C-alpha cells in the first residue's frame, strides 16, 4: 500500500516530466522537466529495490548528464531564451506516431503473461528476496567477476557464477576513450564565420 | 499481494519511451534531441530494473542498467561535443539546418 | 531493518503505538507521520544552522578584520542579527526581472534548497539518529549534493542577466570538475571501511582517536585535506567562490534575486557547508565519537530508565545518543569555522586557476591517493599478514585474509553476511 | 661408428667442401668480402679441394686399416681348396672345368663387405618409386675420390699460376678482335674460374659417390654444365662459345640414350638404387645389381633360345627368384640390352667415344687447367666410371658393342693425333684414344684393366696437360708445335716431367730389369694398364672363334705403336731439336714453382702409381670392388656368340700381349725419333707423299664434314622447307583467318554496341533513375529519420500482431 502510493506518485512525476519535455519549447525548461523525470525514475529505482542504481541515476544522470546538457544549451545559445519552435504539423505528426507507438507497446505489454516467467525458472531472485534494496555488495561482486547470488553446480562443487569483470573493464576503457574523443571533438577551433558571431539563428 | 506489478512499471517505461521518441522526432534543437535519447535510455533502464525485480533476471537486470547508464553518460559527452561542433559549423543548433547529407 | 523511506526507530515506535481511538496505525500513516517528524526535525536543523553560521561568519570576519562584527541585536554579541536579517528578507518584495524566465527563476532557489536539504536525509547525527539509513548512503549524499548546482545554473540562466549567466557557467564548470576529486577522496576512507553506510562507518571509528580513519594510513590522512579543499570548492566557498565573485560579477548567479528566494540560496550554501563538513567528520574524524573513548565509560548508562514514558524508549540510551549528536555537530562546526576562517584569509582565485587546481593537481593527487589506499592493505597483508595496523578495524573484504596464501572462493550467500552482521 | 659411417662422413665432407667453396667464391665478390684482385678465392678453392683430398685419403687409409688391407694385396687365384661351389652351373664351367676352384674372393666377401651404402635423404616418393640421395662406397669409389681430389688439387695449384693474368681489372683478350684493331677488354674472372672449378669438383665427386643411377644422372648433368661453363670460359671468343655449345649438345645426344636407358630400368625394374636396402618395416628392396646379377654375379636367363622371347629372371641378394604373386618377375633380355646400350650412349657422349668424339678437341678452347681437369680426371672419366659402375647391368652383347666402340675410337683418335700440330689438340686426341682403350678394356671383360687405365691415365694425362699448359704459358699462349722446339733448355722441369708422361702413355718399359724388384717389367704406369687391356683384348679374341673379333686385339696393338709415335712426336717437336721460331724461343721461360711443383708431384705419380702392375696395390684395390666376378668365363649365344674371358684367361696371355704391345711402342718411338729428332726423313715429304690420307686425318676423318652433311645440312634443308611451308601456307591461312576475324569482330562490335551495351545501359540507367527517385527519401534530416524508424516499428509490430496468431 505504501509502495503503491509512492509508485503512483513517482510514476506520475515520471510521465509528467517526460510529457513536459516533449511539450515545452524552451530548452531550459525542457531540461527542468527532464530533471524531474529522471529524478523520479531514480525514485522508482529505489522503490524497485535498486538503491545503488538509484543513487547512480541521481549522480550520473541528474547531476552529470543533465548538467552537461544545460551547459551545452548555454554554450550553443545564440540568444537569450532561444526557442527553436516545433511546427504544429511536426507536433501533430509526432503525436500521431507516438500514439501509435504507445498503442503498440501497451498492446504488447498487456498481451504478455509475465507470471509464466516465475514458473519456468526456479532460481530465486536476489532482488525478490531483498525488496528493500542493499544491492551494493552483490553488484560490486558481480562487477569483480563473481556472482555468489547465482551459484553454479559443477560436478559436486558449488561455485559462484562468472560475473561481469570483462564488460566492466571494457566499459572503463570505453569511458576513457570517450573522454579523449569528446575532448578532441569539442576542443576550441576557429569559428566557421567569425563575422556572423552576433547573428542569431 | 502488491497491486503494483511489473506491468505498471512497463507502462511507465512505455510512456517514457514514446515521449523520448517523439521528443527526438519533433525537437529541432539538437540538445532537445539528446534529451529525447536520454528519455529513451531511461525507459529501457526502468524496464531492466523492473524485470530484475519481478522476474528471475535478478541482478543481471541491474548490471545491464548500470552499463546503460555509464554508456549513456559517454554518449552524452560525445553527443554534446558533436553538438558543439555542429554549432561551430552552422552557428545554430537547429538540426534541420544540418542536412548536407541530403541525397 | 533499514527502511527505505521509513526511519527505523520512529516508524517502529509508531507502528507499535496503540492509539486509544483508532487502534494501530496503517503502514501508510506510519510512514507519513514518521516522515513528517523527520522532516520537521531536519528542517529545524537545516534552518537553525545557517542562522548560527551566518552570525558566526560575521563575527569571525569582524575579528579577522580587526573589528567587532554585529554587536547590537539580541544582546552583546548580536545573537539575533541573523534572525533580524531573515525577517527583513521575508518582508521584501519578491522581484523578478523583466528579462527573466520567470517560471524557472522562481523554481531555481527551491531546487537548490531541496538538493541541499535532501543531503541531510542520509546524514546520521548520532548512532542510529538518521532519517534514512541507506546502504549506499555516501553515494546518495554525494549524488544529492551534486544536484544543488542545477538550481544555481537555472537561477543564473533564467535571470536574463549576463552577470548571472557568467556566474552560472562558472558554477557549472567548477562543480562538474570538482565532483571528481571529491568523490575520489571520499572513496579513500570507504576503501578502508568497506561499506557505504554512514552508520557502519561511524561505528567502526569508536574508541580512541587512532581508530579514526584519518589516522588509518598516510593516504587517508592526505585524503582528508584534499577532500576538505574540494568540499570547500564544491560549496563554492572562498577562495573558490567564483560563481558569486563580487569584484567581477556583481553578485554572480544571484544578482537578480532578492528577498526570501535570495535567502534560500544562502540557506542552501550554509547547510551544504555543514553537510560536507559532516561528511568529512563521518568519513575521517570519527563521527559522533569523542576520540577519547568516553562512550565506553557511558556504555553502562545506556540502559538507564527503560520504557520511559512509552514502552521501548530508554532514556539513558537517548541521552548518550544526544551526547554523540552534540559531539558530531561540534566537530562539523569546527570544520565550518575553518571554512569561514579560510574565506576571510585567502584571496580569491581566478577561474582558470580554479580549473587548473582541480584538473591538474587535485585530480591526479586524488587518483594517487586512491591507488595508494588500495595498495596499502595489500602491502600490509604481504608483510604484516593483516590489512591494517589498527586492532579493531573492520576486515577488508574476505578475499584477503590474514593468511596471505588463503585466497579462497567466496562461499555462496556471502554477499548477504555483512548486512546481517550490521543488523545485529 | 661403424666403418661405413666413418667413410660416408669423410667422403661427404670431401664432396661438399668444394660446394661450400663454390658458394663462397661466387658470392665473395657480390658481397664485397673480396675484391677482383684478391687471390683469396683461389686459396679458398685450393683449401677446399685440398681438405677434400685429405679426407679422401684418410678414408682410403681408414678403410684399408679396417679391412686389414685385404683390398691392397693381390688375390691368390690358384688355391683350389677354397670355395668349392658345386652347384655352380654357369655356362663358363663347361668350357673351363678347372674354373670350379674359383670364387677366391668369396672368403673376403664374407669377411669384409665389398661396399658400404646408404641413403642420405629421400627427395620424393612416387608410389613404390623412391627418389633418394644415396651413397655407395667401395674401393673404386675411394680410389676415384682420392684420385680426383688429388689431381684437382694439383690442377688448382697450377691454375693459381696459370690464371694470374686474370687478376686484373682490365683483362685484354688478344684473341678477340674488335673492329678498329682493338682487343676486347673485360674485368678479370679469377674468382669465377675457381668457383667453376670448385663446382666441377663437387659435381664429379657427387657422381662418384652416388648410390643410384638417377643421382648419377643428376651429377652427370651437373658435370656437363660445369664443362660448358669452363670450356666457354673465354665466352667472348667465338671459338670458345661454339666449343662449349658443341660439347653440351653432343653430350645431350648421349644423354638422350642415357635417359632412355633410365626409363627402361625404372619401368622394368622399379628402382634406381645400386644396392639392396632393408626398409624400416623389414621388407627388402633389392637394388639393381642384385636384381640382375643375383648373389653369384650371373644373369639368370631363361632357357628359351629365341632372343626375342628370352627373359632375365630378377633375383634378390640371396639368389632367389623374385615373384610378383605367382609369376616370376623378369625383364626381357632385349630390354636389358637396350637399357645397357642406352646408358652406354651416355658414356659415349661424356667420354667422347666414336661417333660423338668431335666435341673433345674443340673443348681445348678452355684454359689449359680446365683441359687437364676435364680430360683427365673428371668429365671424360665420368663416362668410363659409369660404364664401370654399371658393368653388372651390361649383358655380353652390350659389352661387345662397348668393345667395338672403344676399338674404333682409339684408332680414329690416334690417327688424327699423328697429324695434329696444336700441342693441346694432340693431347686431346690422345685422350680420346686412351678413353677408347678403357672402353675396350671394359668391353672385353677386363673390367679392372679398364678402370686401372682410367686411374693411371688420369695421372699422366693431367701431368701432360699441365706440362703443355706450362709450355703455353711459358711461350705466351703459343700452341703450335711447329713454332716450338728445343724448349728443354729453357724449361727443363716442364720438359722432363713431360717426358715421364710421354713414356708412361707410350707404354715403354725395360722388360728385364724390373722383374727382380717387382715381379713385373720396370715401367711407368701406362705400360701396366695398357698391358692389362691389350691382354684382355687378346684373351677375348682368342676365346671367340669369330675371326672378326681379332681386330679387337690387332687395332689396339697397332694403336699402341701409333700412340708412342705421336706422343714422342709431340715431345721431340716441342722440346728437342732446334728452335723453329726465334721469337717464341726467346720469350720462353720456365714457370714459377706454383706451376712446376704440381708437375713434379704428378710426374712421380704418373711414373709410380701402377707399381707392381696387376699385382700392385692399385689394381688390387680396383679389382676388389668388382661387382661381377671375372674369374669365370661368360658365354652368351643369344644375339651373337660371345665369350667374355675370365681374369685368368687374360693372365694367361698377358706375357704375349705385353710383349707385342711393348714391341709396338718401341717401334712407334723409334719412328718418331727418326722422323722428328734425327730428321732422317723430312716429315713434310711424307705429308706430300700421302697427301690424301694426310688431309683426311687433318680433317679429323672428316667427321665434322660428315656430321655437317648428314645432320646439319639436312636439318637446314628441312628447316628451309619448313620455313617455306610457314611462309607460303601457314602465313596465308593465318592472314586469311585474321581478315575473317576482323570482319566478324566488326559485326560483333555493332551487335555489342547496339544490343549488349543497350541492354546494359538500360539496366544501368533504370537503376540510376530509380536511385534518383529514391534520393529524395534521404533528406539528411535527423528528425525525419527518427520518425521513419518509429513508423517502421509501428508498422512492423502491426504486421506481426495481425499476422501472428495470439
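A, B, C and D are the chain letters, set down in written order, and residue numbers restart from 1 in every chain.
In the analysis below, contacts are C-beta pairs under 8 Å (C-beta built on N, C-alpha and C of every residue); 3 or more make two chains touch, one makes a residue touch a chain.
Keep in mind the model is a prediction, meaning the values are calculated, not measured.
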Check: Listed by label, which chains are in contact with chain A and with chain B?
Finding: D
Note to self: What's the distance between the Cα centroids of chain C and chain D, rounded to whole Å?
What the structure shows: 105
Checklist line | Rounded Å distance, chain B centre to chain D centre (Cα mean) | finding: 90
Margin query: Roughly how far is chain A from chain C, centre to centre by C-alpha average, rounded to an integer in Å?
Written below: 27
Check: Just how far, in Å, is the C-alpha centre of chain D from the one of chain A?
Finding: 91
Notebook entry, point to check: Which chain D residues reach two or more other chains?
Noted result: 783, 787, 790
Check: Do you know which chain A residues sit against two or more other chains?
Finding: 52, 56, 64, 66, 68, 71, 73, 90, 93-94, 97-98, 101, 138, 149
Checklist line | Interface hub residues of chain C, defined as touching at least two other chains | finding: none
Notebook entry, point to check: Where do chains touch, given as pairs?
Noted result: A-B, A-C, A-D, B-D
Checklist line | In the complex, chain A residues that touch chain B | finding: 3-4, 7-8, 11, 14-15, 18-19, 21-22, 27, 30-31, 34, 37-38, 41, 44-45, 48-50, 52-53, 56-57, 60-61, 64-66, 68-69, 71-73, 75-76, 78, 84-86, 90-91, 93-95, 97-99, 101-102, 105-106, 109-110, 114, 117-118, 120-121, 123-128, 131, 135, 138-139, 142-143, 147, 149-150, 164, 167, 171, 174-175, 178-179, 181-186, 189, 191-193, 196-197, 199, 201
Notebook entry, point to check: Which part of chain A faces chain D closely enough to touch in the complex?
Noted result: 90, 93-94, 97-98, 100-101, 104, 107-108, 111
Check: Contact residues on chain D for chain B in the complex?
Finding: 774-783, 786-787, 790
Notebook entry, point to check: Which of the residues in chain B come into contact with chain A in the complex?
Noted result: 2-12, 14-23, 25-32, 34-36, 38-39, 42, 45-46, 49-50, 52-59, 61-63, 65-67, 69-74, 76-78, 80-85, 87-94, 97
Checklist line | Footprint of chain A on chain D - complex, ascending | finding: 783, 787, 790-791, 793-794, 797-798, 801, 806
